[in-house]
Amino acid sequence: MTTTHSSVTRSSTTSRWERFRDSYLLYSFKRDLIAQFSLAVFILLVGCALLAPWLAPMNPYDLAQIDILASELPPFWVDGSDPTYLMGTDSQGRDLLSTILYGLRVSLIIGFGAVAMQASLGVCFGLLAGYLGGRVDAFLMRMADIQLSFSTLMVAIVVGALFKAIFGGATFSTYAVPLLVLIIGLAEWPQYARTVRASVLAEKGKEYVDAARVMGLSSRRIMFRHILPNTLSPIFVISTVQVANAIISEAALSFLGLGMPETQPSLGSLIKSGFDYIQSGSWWITLIPGLVLVVLVLVINLLGDWLRDVLNPRLYKG
Amino acid sequence: MIAFLIKRLFHALLVMFVISVIAFAIQDNLGDPIQQMVGQSVPESERAVLREELGLNDPFAVQYLRFAANAVQFDFGYSYVFNEPTTDVILRHLPATLELVAASTFLIIALSIPIGVYSAIRPRAWLSRFFMGVSIIGISIPVFLTAIVLIQLFAIGVSVTPFPADTGWGGWLNDLLSTEGGMPAYGRGDPVAVFGTWETNFASLKGLSYLVLPAISLASIMLPLFIRLIRAEMLEVMQSEYVKFARAKGISLRRIYFLHALKNTMLPVITVGGVQIGTLVAYTILTETVFQWPGMGLMFLDAIERSDIPLIVTYLMIVGLIFVITNTLVDLIYGLVNPTVKLTGKPA
Amino acid sequence: MTTATSSINAASAPQTATPLLSMRGLEKRFSLSGDFLEQLKFKGGKLVREQEHVHAINGVDLDIQRGEALCVVGESGCGKSTVARTVMGLLRPSAGEIHYDGERIDDRSTKALLPFRRRMQMIFQNPYASLNPRMTIQQTLEEPIRLHHPDWSPARVKDQVAEVMDSVGIAADWGPRYGHEFSGGQRQRIAIARALAVNPEFIVADEPISALDVSIQAQVLNLLMEAQQKRNLTYLFITHDLAVVEHFGTRVAVMYLGRVCEVAPTATLFATPRHPYTQALMSAIPRLEDDRPQHIRLEGEVPTPVRLPSGCVFHGRCPHANERCRREVPAMIATDEGGQVACHGVEEGRI
Amino acid sequence: MSLLEVNHLDVRFALRGGDVKALRDICFSLDRGERLGIVGESGAGKSVAAFSLLNLIAQPGYIAGGSIRFDGQELIGVSDRALRRIRGHRISMIFQDPMMTLNPVLTIGEQMVECLKAHRRIASRDARAISLRKLQQVQIPSPEARLDQYPHELSGGMRQRVIIAIALLLDPDIIIADEPTTALDVTIQAEIMALLLELCEEHNVGLVLITHDLGVVSQVTQRMLVMYAGRVIEQGPTREIINDLQHPYTQGLIKALPQMATPGERLNQIPGSMPSLNRLPSGCAFHPRCGFVTRADGSHRQACHDQVPGFVTSGNCQAACHMVAEMIERERLPAEEQDR
């Protein structure tokens, strides 16, 4: 009995693997050079961020390692560089390469954290609005509309400013990472909610849901067993795009001084700190972290584009 | 038509109501008008009296109504920092922001429609692929970074010498890759005053030159989105039965593209795009910071830094009003362009 | 009026005491207007609030006897699908009652309806949308059995699934596969298997073959007829195709704009259609045999069910309409042939 | 020579896994004023055939070979500009779904006038007058008002009348109608079909009618083609095909109709379903579903398996079937041999 059971599970897992192997997803990935390249770069960047403490030549958080005399040194290919600092140093004398690696880590943590936050809010509200309809739907969607008409950036700036005013600058800096996750999550949930609602509505109108109702299944089972699994692919696609957006939002907030403090910089706050020195010719403090940020966001966007083409879900326009 | 307008007005009022409640809640919890009026030295007992006199101990709803009644007359109190009515401060900064947004909107519309249409008509052409590639890179660059890069290239200037300068072609390539700089990238210069307090950058070439870099960088955030939106919609419309039927009627391709397809493409673009143009106002916060453009965005950031609560609240209300007005206008335009909407609010 | 109709219905249905399913004065309206703001209209210089409804069905009385296949025919927008969905409890009627085996079912909660769910099942029109794309065939078929027989062992559930798969001609190895791997006809078989899995006695089929190709239609129709013989099923069969009705139905109800205009045994209806609409409908079917369409031309098109015509709903297109038709709603009357028809002309002997 | 002659038309779709042959070796002709029906189930390629006549197949599709001669002029390989002079002018089309066919943001008048102006030098007022006359011909109530209405203000039946009016605008030689009544209600269907038939007869316009409805074909057309999996499998005069069934598929299709069976009895069904074009069976594409093949003896079954059948002629009809070929062969044999 046990053996048959395990053999059944094994055969089903192999078939799932086979299904993946034969799937259109993998097939199109194999044929899409841009997608392969993007994924490779993305994995490389995530790997660098995760291994930052081991890869980085210095620890930018450790004040003892910082030599203020070595500030604003250019990267290695420019005259006047110091071979100790491959990518040069910033205005405080921190090794730019190390700071970027650590900053990349902060940006990625906030990006993924904020998307997890948005997704949980947005999926809950979207499911509720789509399935219950009526007043709940009208209220939630009107809220989402108002928030979206304000643009997510604006909401994030306002919420960020409020938090900073409520908690005070010092506390804000200490808890910057969770606060930024919260801020960006609160600012961007409507995108999710609208996408989820749209696909719930589309699925709800399909006959398999009617069939489930005719069977006598409870609303909850219909919602989670029947409707939710079918809305996963739009959620998946929008998640990719939203990670990119969240990283940009974080950078924008940091650039405005409402994000990560300079003692624990993200890519955005690095760009900001370098911006003050750009007139004096120290372009690398701004532009090298900027380049890393753009490459990171670009590969995520390219992956998102590829996913959207392959999965082709019904996405909410706008 | 009138019913439609009334409906839109109701809707707008509802939105403004929500915004004002939020704005008031901020003011109520964070602003302390007593401190602003009398400063630190006044003892607590006197403050309490003042508080009572000013009605600050009244219930939330009563205070809100008072706030709303004043807000309708554009009276939001005095700015802590400037010590003048907040509306005056905003009005002083409004023209700069509106001109920046207008210039960017012009750039976006003038570029996105031809590029979007072209890349939909010839999806496989190398130029289309180039545009699509550039647009996804454009989406991935944060607007402030675009601004910084523009400053580096065109205001500061870059001189690179990767090629041997002594050969003729090397020098030529170096010159090609180097930029001169010198474009104005700080503030508005000396705008010309028209209609009383309204100062404009559009009146002189010199004024326009100050507008170029900020407008380009502000446009850079929406332009790729618009190109992609127009292309996607147009591609969808080109697949439609009525375009096929128009081809079967033997009509020229140009007429099919620019009448049959484009008119239908513009319908969703108006609704989505119109709202996006409104949100450009939010992005001015970033561009104005980089270029020190003396508009509302820079002012707002300043107000946040100095905790000038009345100014923040006023800014939120005014920007909210701008969004509501653009959204209503967009709906109106959509209703006028789309014959299937009878301006009764629902499609026939 | 309603009482008159029901008494006629009762008189003409002497076969069994209680019909398996009966609808009494069934009405269903859908609101067209959204929230308060969208209901505002500008009329005669004044703003007025106006609610618009689609009158999908208004006043349907029908009885379905055990063992019969009642076909409901009509053109799009006549409310035939709404009847099916209301009977199955997917929609709540705006007025009227539905009785199943003598018990009222239209006002029950989802839970209280559960015992009836096992006895009545439904087959849908679009085979491409009626199977959950994320569930295997096995899961799809097991789900209703598990729900209605929570006490059954997994082995017994599997047996039941195997039995029902066999009875609709599905190979046993389809179980672990997903719906999208099958053709339209095969999917419709799976959907039928799902409906039969809990051994129902009554099946509502909403245009089950309209989305299929001719050669596949025949397969599915044969399957439904087989199942009826083997399992002693009762059908409520919704279709727009009169040829299918003639082949499949024991009794036919013709609907127009949310009302039943004629009910008769199939053979009677096809031999002597009485209602002018039935006559027009039948003359419109293209036949293989004759060369030239000799169809009765109807004026105009079906009006929208938003503002219903006064009197007989068909009067606007009826070649025989007179003043009374425009004024007075016709009641169901029994015909000599054993059917019932709602037409002033027939009652007066004009038609 | 016929007005329209299609010979060995091949259409393919360039898809990821390589080309899919959507149409193979399509041959037919149409005389002036003749009405031809193209019948088949979904996926048979009948719509592709209709659209390829004016080279209007959607993107991945392309014409891979063959010839289409219209009024002595070869249409394959000519420029889009030259084809445009024929489209809507000498050959016009009617599409399946009237709700989707008219441009929602242009008035009926604009859509009619532009068609006239594309093919003739004509003043707007004259074009409008012609449009009005055509709308009257298709019996639209208050035609004057319709010219300035948008499509969404008209019902489905009315829109299909407008589309017929557009098709007739320039007095074409041929109308290609792709399932013109499928999206309409039964009573409207009958009226639109009757109208189309009447107008074609009145103006001596040839009609290529694509449909899945055998009833419509038998009422409207003089000749018909039956298509299966991208090939023509049977063609001939409509009446003869329906009265004297030859090809097993056509037989199965007609016998599967409920109106051909005794009520309550089992319908004659064709097992299985139409193969998808990228996985066509070898030989005769119909052989896995064909009742004759399963009953036939080994050598004949092998032929159905291996060889694509050619056309055999019986009377005025042609059928592409090994079994029919064999039956005709057998009839030619002396009677005594058949008895044995």
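By letter and in written order, the chains are A, B, C and D; residue numbering begins at 1 in each of them.
The rule is simple: contacts are C-beta pairs under 8 Å (C-beta built on N, C-alpha and C of every residue); 3 or more make two chains touch, one makes a residue touch a chain.
Predicted, not measured: the structure shown is a model, and the values here were computed from it.
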item	value
Graph distance between chain B and chain D, where chains that touch are linked	1
Winner on C-beta contact pairs when A-B is weighed against A-C	A-B
Centroid distance [mean C-alpha coordinates] between chain B and chain A, Å	24
Euclidean distance of C-alpha centroids - chain A vs chain C, Å	50
CA centroid of chain C to CA centroid of chain D, Å	33
Complex interface listing, chain A residues touching chain B	142, 146, 148-151, 153-154, 157-158, 161-162, 164-166, 244, 248, 251-252, 255-258, 268, 271, 275, 278-279, 281, 283, 286-287, 290, 293-294, 297-298, 301-302, 305, 317-318
Complex interface listing, chain C residues touching chain D	75-76, 183-186, 213-219, 221-222, 225, 240-244, 246-248, 266-267, 280-281, 283-293, 295, 297-298, 300-302
Partner chain C, residues of chain D touching it in the complex	41-42, 141, 155, 157-158, 185-191, 193-194, 212-216, 218-219, 239, 242, 252-254, 256-261, 263-264, 266-271, 273-274
List of chain B residues in touch with chain A within their complex	14-15, 18-19, 26, 30, 136-137, 139-145, 148-149, 151-152, 156, 268, 271-272, 275-276, 278-279, 281-283, 285-286, 289-290, 301, 304-305, 307, 312, 316, 319-320, 323-324, 327
Of chain A, residues touching chain C in the complex	12, 15, 138, 206-208, 210-219, 226, 229-230
